[in-house]
């Protein structure tokens, strides 16, 4: 029996080893598929370790396992440590991360077969780094370490969004993603620093213990927790920092599935879950989290309604679902939120990979250039449908239970308005997802080329995920669920009803054409335009970037060159000019020189009077 | 007013007047002549101060030597240039102010000093003392003066000599 | 009759000489001004020597007079040279070198 | 004396100089020999720096590997050297930078013999400053580190194009802004101006300590009058601050760094600016505790200005080298901010940032040099799509950029984070906010530049075709520097261990510890 | 009287040169120069065998440490100057060599005596003996309008200054009642205003000799027009003599009252440094540049003088030695280049490093020394002067001086730029005549030697200066 710490370290170390190998051994990296094989094998190992860890956990006698090494030495003990902290939450999350990583990497081998070998090698190097970072984030034993890996996953996200760096849109999206999440991270790091100053430690265990013992100083804690939450806002694409996620779809689709749907974006939720004992000390922040989450969910859903790009629809739905999770956390339903995180990880990865298969087959992201694909690629159609039903929250798929739990939790938490928003979102979610399903797979339309189902290396992961999505749901349907829905009994029917209504409405609009989408759009024209323009948030940020930051930099650059440096140059120019002026006393006329002597004499005499 | 004082003021008047004439006269030749007058007046002062030997030297060397050289120089150069040398002043106000300032500065110091009101009785044989000192205490500067004359002569000759 | 009148007389003479030096256009005129200044020195020295009853001052005067003559000789040689080379002794015109 | 009787610090310091002499006298007209001698000489320094680093006894702390030989007994000047934790880290930094600098400028074509000789002489000066325990010796080495710069930039530098406009346009025109001659002159004069203040300060301390010895250790024992402390500290701050690039005395650095040839920019931005900060910490804070307390608020505030102002200025630049140069100004703000916090974390962060920024900016300048050498352009907005042509350089640039924006797992993060901790714990906790904002601004301009140059499509005018990637000796420099950045980012204890042994005594003297 | 050995030896040498001059004929009479060089060298060597005798008392002529030190300095500088002059190309220097060297030696005799003079008359005569030949020498190229003009200006300013000096000396005499300098300290103690006036006027006279601002105005014109080796010598030896005279009059035996001079000297030092450096900035003529920089250097020496202490005096002596080497070295390199290029414009130095690396290096070292850069003599010179001033608490002056050093470096670096950075206008090495090369070599050895190991000289100067106080 290998102990939990070792397993965790193995899960962490394998992808890291793969990354170092790929980074350092250039020939291996340039070999492409071999690099992919190494990466997949490594993350497969991680998955294995994660599974064993999950099944054998908790160890006897302890519900957490913690290992720590000194990282930043200081007088009287380490200032900060690195290590692993395994508890049940981390163990489950670890499995999710390893699993999705493994499947996505496998899928990528097929998806990216057209890439050149060096590019592929680079891709898998990034993926290994991501797997390492994400696992490190999950296993982090303190805030600082979490922040470190938090930033590293951000880096991987940046690198992978910009994987096709020659595409200007990809380049722009990568940078945008980095900047926006970094803006949130400023809050995170400020929060950590302030927390350290308050509590003197970064360690979760110590902090939780202090929270338990009520020895945690509460002054300013609200601010601290709010700042830390800002990090989650950026990473988990909460309003108003959600703008980067749709653009991030410029990356390869497997990347979107892994990073921008299943794992990294959920890190914010994981962070709040992880630090929940601390958030419990600051209920005001929790309420804020709930409101923002619900609002994000609704806002993203409305934006999802009008997208033509299949991945963007999914991206907005991700934002929306993350909003659900956050709302749950804010309402105190931490279990529900985390549960949704897991199920969402599965079915959203599935959806993305399915979308990827479609895109791979038809060569476009635009849903209006697709149609009747179910006939051409039935396997893809089925798994996509499974994912969609789960996302829409249809019994007995996984999403139904987790979403139900959230709705119940939010209602119980007393957040009535957010509850209403979330309920509305259920309807919208079902509508926009089935809009995609109908348009892509069933409605009339014409896709170019000869679309066909993907090869096994892509299909395998799809079916695995579909199976899990359905399986987990059925497990709950049969077993009654581990996570009890505490809410009133009318919530399940309500949510199911709303979802079905959404589906029906989508069917009427896009399949039967009984309702004209254009007419709908005209009816709610202001809203429609606003949604099309993303509620002008991108324009606002663009304005801030260009107007404030670049404008300020222009001003400072000008001041530096012409004022600060200008003064230096002025001083030197004046010195030179002064020399030039002064030497004109040297007129060449002998008598002026004699005046010099006379003046000197007077000077000396007058001077001596003074002193 | 004693005779001595009268002589002093008289000589001083002559000295200053001729001095001013030296620096203001339009004609260079006149200037030189006024200088001669000033030098002679100075010699008179020397006499008044009972330095007869120096008065003699003053007249011989200065009024004789210097003036002759200067006149000679003027004549030579006038012949070289072929026209009369006219002498004017430039920046009289500035020069006057500066000179006046220097004068005031010096006079302030002089008036502050406590100076002897009456001269002590003169040594018995001043000229002899001068001669003795010159060849004993001041023999070194005396020798050096010879070298100095040599150098000055050499220089003056070098400059004045027309080559080729 | 104290020393002071002599010193003041010398000072005035010195400054008249200085004035000449500063204002005369002609190089020879400047030389004459210098002569006046040196002459003032002589007046000073002789007067001081008289009131100190010290022959050293008179020896000093002897030296200054001699040196003055040497200087005048060199100076006039330079002036003549200038005449020869530049055809002018106007001090104002001698400004090839400046700055 | 030294390490087991070997005067190891002397060897480190003078090995490059010996190399320079050897180059001047033996390697005339043999360009390869010149480079090999340079590589070996700096290699020896590097090797021995690592040896010293490992041999340093962290438990004993204090100055080790001590050597002392009287030079001018009359004035109490001696060749007194030794290294504590701070010196060690900076010696190591210097050795790494110059070693990679030798490789990064492998392709210098004209008058390479003189180039390497001057470069190595300069390095001896830098090493000397970091190990000097005699104020006078310190000053001598300081001057030696500054002067060769004039010729190095003047002969081998490159000019930029700057059109004089603005309110002091005529002054800017008159002084010839942008040309390498201007830059060389400005840099040299500015730094020597600083050294003038330093010299006065040193003399004042010498007199105040009794006028018998320039020894640092002896002066440490002297309790200076508070008035002396106040003014001498200001002299040191101004004098060293010029070299450290404090606002508003920093303007020599962008011009100088941009005009300098690759190895010189690396050395200058990488090491020499640290020398200024080192001077403030070692002489200013080390000898003048009360003076430090008098001025610390000013230092920290100016440091925050540096951070923000430098970053915004960097953003405004269109010339690649200027961007990097201004980023140095910004990062030196972190160094001084850390020092001004007077906390353990802050001071450790400050020294660590000296190291981290040295390596990172060295890497940057090496890369910029390579890009310039291949593309013959420094105009950011004319370039594009280089990632395809020079993936290696693109990767290295990204690594440098990430370290510069304080990405974890690079050395830059550790330094910044420690500084943040210190800033909030200091008496002026608001310093934290501009410092953190600075990291965001850094992210903005660094990624913008990376995106513009390496990403996206190649520009249409087709000026840049078939640009080669880095090759051969150049890789030595890039890989070494990247390795160090990541190594120290992942295992910061390597550096912080020794640094901490030196900062604690310093803080104790400052009355800020315990 | 062994005290006069050097002076007598020099007089004999002059006699020899005179004899050679009368005997030799023809267009090349440089034998006189050779003889002078050998003679001066012999005297220089001989001077090191002389023992200083303790000065003081009422002796008119003393050979104390200061005097001996100064004489050695004058002799050395003259030797270098004569070496430099030997290869002057102008026919005047060949045909009229006896006159030239005789005048040079006459002036040297004046300096030697001045260094020992502790009596007003001797002082004045020596001062004039030193000065009058210089007027002639500066106009030695008598067919060149510039040279003659320079001679006239030099003469006029010099004679007026002499008059002022003599006038001042007469007041000193009035106050002390004796012509011995030993009478000064007691009179100063009494605070006699006449003495103060006299000493101020005397300072004006000496100010001309050492070329302190604003008595300096003859300097650039004279330096530009006169022959370069002579200027090299003129720029150091008479100034050194002026300083020695100042020490004698103002410092020797004065004791506490010496602080009277601090404000004036410090002020004079400050304006001299500032003006000299600023005016040097726009110069394009190498000799004018060095002239103005020389003025600035006088300012730095005055900083040491303003310290009115033994260490200050010692440091000026050290500075003078460093200045002799550095300044003469620079002037002689300029002369070498001028002989090849026919120009003393800075442009003539273009690309010198690529044409004649050693010559360029010599120039660079000289300039660095003048600029006060470590490892060459000038650094220690400046440092020691500052050190002395700091001892006296004149920190503001130290700071000013240090800051203005930066301005000075600007124009030195401009010269370095011409030599090292710019490309040569013409290819080919620059020929150096052997005596000139030897002279430059001596200067560079001095610059580097003192830069690397200044201690013995510092100790010597301190010993010498302590004799004054």
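Order of writing sets the chain letters: A, B, C, D and E. Residues in each chain are counted from 1.
We take it that a contact is a pair of C-beta atoms (placed from the backbone, for glycine too) under 8 Å apart; a residue touches a chain by one contact, two chains touch by 3 or more.
Small disclaimer: the values here were computed from a predicted structure and weren't measured.
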By the touch criterion stated at the start, how many steps lie between chain A and chain D on the shortest route? 1
Among the chains, which has its CA centre at the largest distance from chain A's? B
If you average all the Cα positions, which chain's own average lands nearest? D
Can you pull out the chain pair that has more C-beta pairs in contact than any other? B-C
Please work out the Cα centroid separation of chain B and chain C, and write it as a whole number of Å. 7
How many angstrom lie between the CA centroids of chain A and chain B, rounded to a whole number? 102
Starting from the mean Cα coordinates of chain B and chain D, work out the distance between those two points in Å. 70
Rounded to the nearest whole Å, what is the centre-to-centre distance of chain A and chain E, using the mean of the C-alpha atoms as each centre? 78
Please set out, as single numbers or ranges, the residues of chain E touching at least two other chains. 121, 124-125, 128, 132, 135-136, 139, 142, 152-153, 156, 160, 164, 171, 196-197, 220-221, 282-283
Could you tell me which residues belong to chain B and also touch two or more other chains? 90-91, 94, 98-99, 102, 106, 110, 137-138, 141, 145, 148, 152, 155, 158-159
Can you pull out the residues of chain A that are in contact with at least two other chains? 576, 583, 586, 588, 590-591, 594-595, 598-599, 601, 605
Work through the pairs of chains, note which ones touch, and then classify the graph as line, ring, star, complete or other. other
When you check every pair of chains, which ones turn out to touch? A-B, A-C, A-D, A-E, B-C, B-E, C-E, D-E
Within the complex, chain B is touched by chain A residues 591, 595, 598-599, 601-602, 605-606
Using the touch definition up top, name the residues of chain A that touch chain E in the complex. 575-576, 578-580, 582-583, 585-586, 588, 590, 592-594, 596-597, 599-601, 603-605, 607-608, 610-611
Which of the residues in chain C come into contact with chain E in the complex? 3, 7, 14, 17-18, 21, 27, 30, 34, 37-38, 40-41, 44-45, 48, 52, 54, 56-57, 59-60, 63-64, 67, 70-71, 74-75, 78-79, 81-82, 85-86, 91, 94-99
Chain C partner, complex, touching residues on chain A are 583-584, 586-591, 594-595, 598
Okay, in this complex, where on chain D does chain A touch? 162, 165-172, 174-175, 177, 186, 189-190, 247-248, 251-252, 255, 309, 312-317, 344-345, 348, 385, 387-388, 391, 402, 405, 407-409, 413-414, 417-418, 420-421, 424-425, 432-433, 436-437, 439-441, 443-445, 447-448, 451, 454-457, 492-493, 496-497, 500, 504
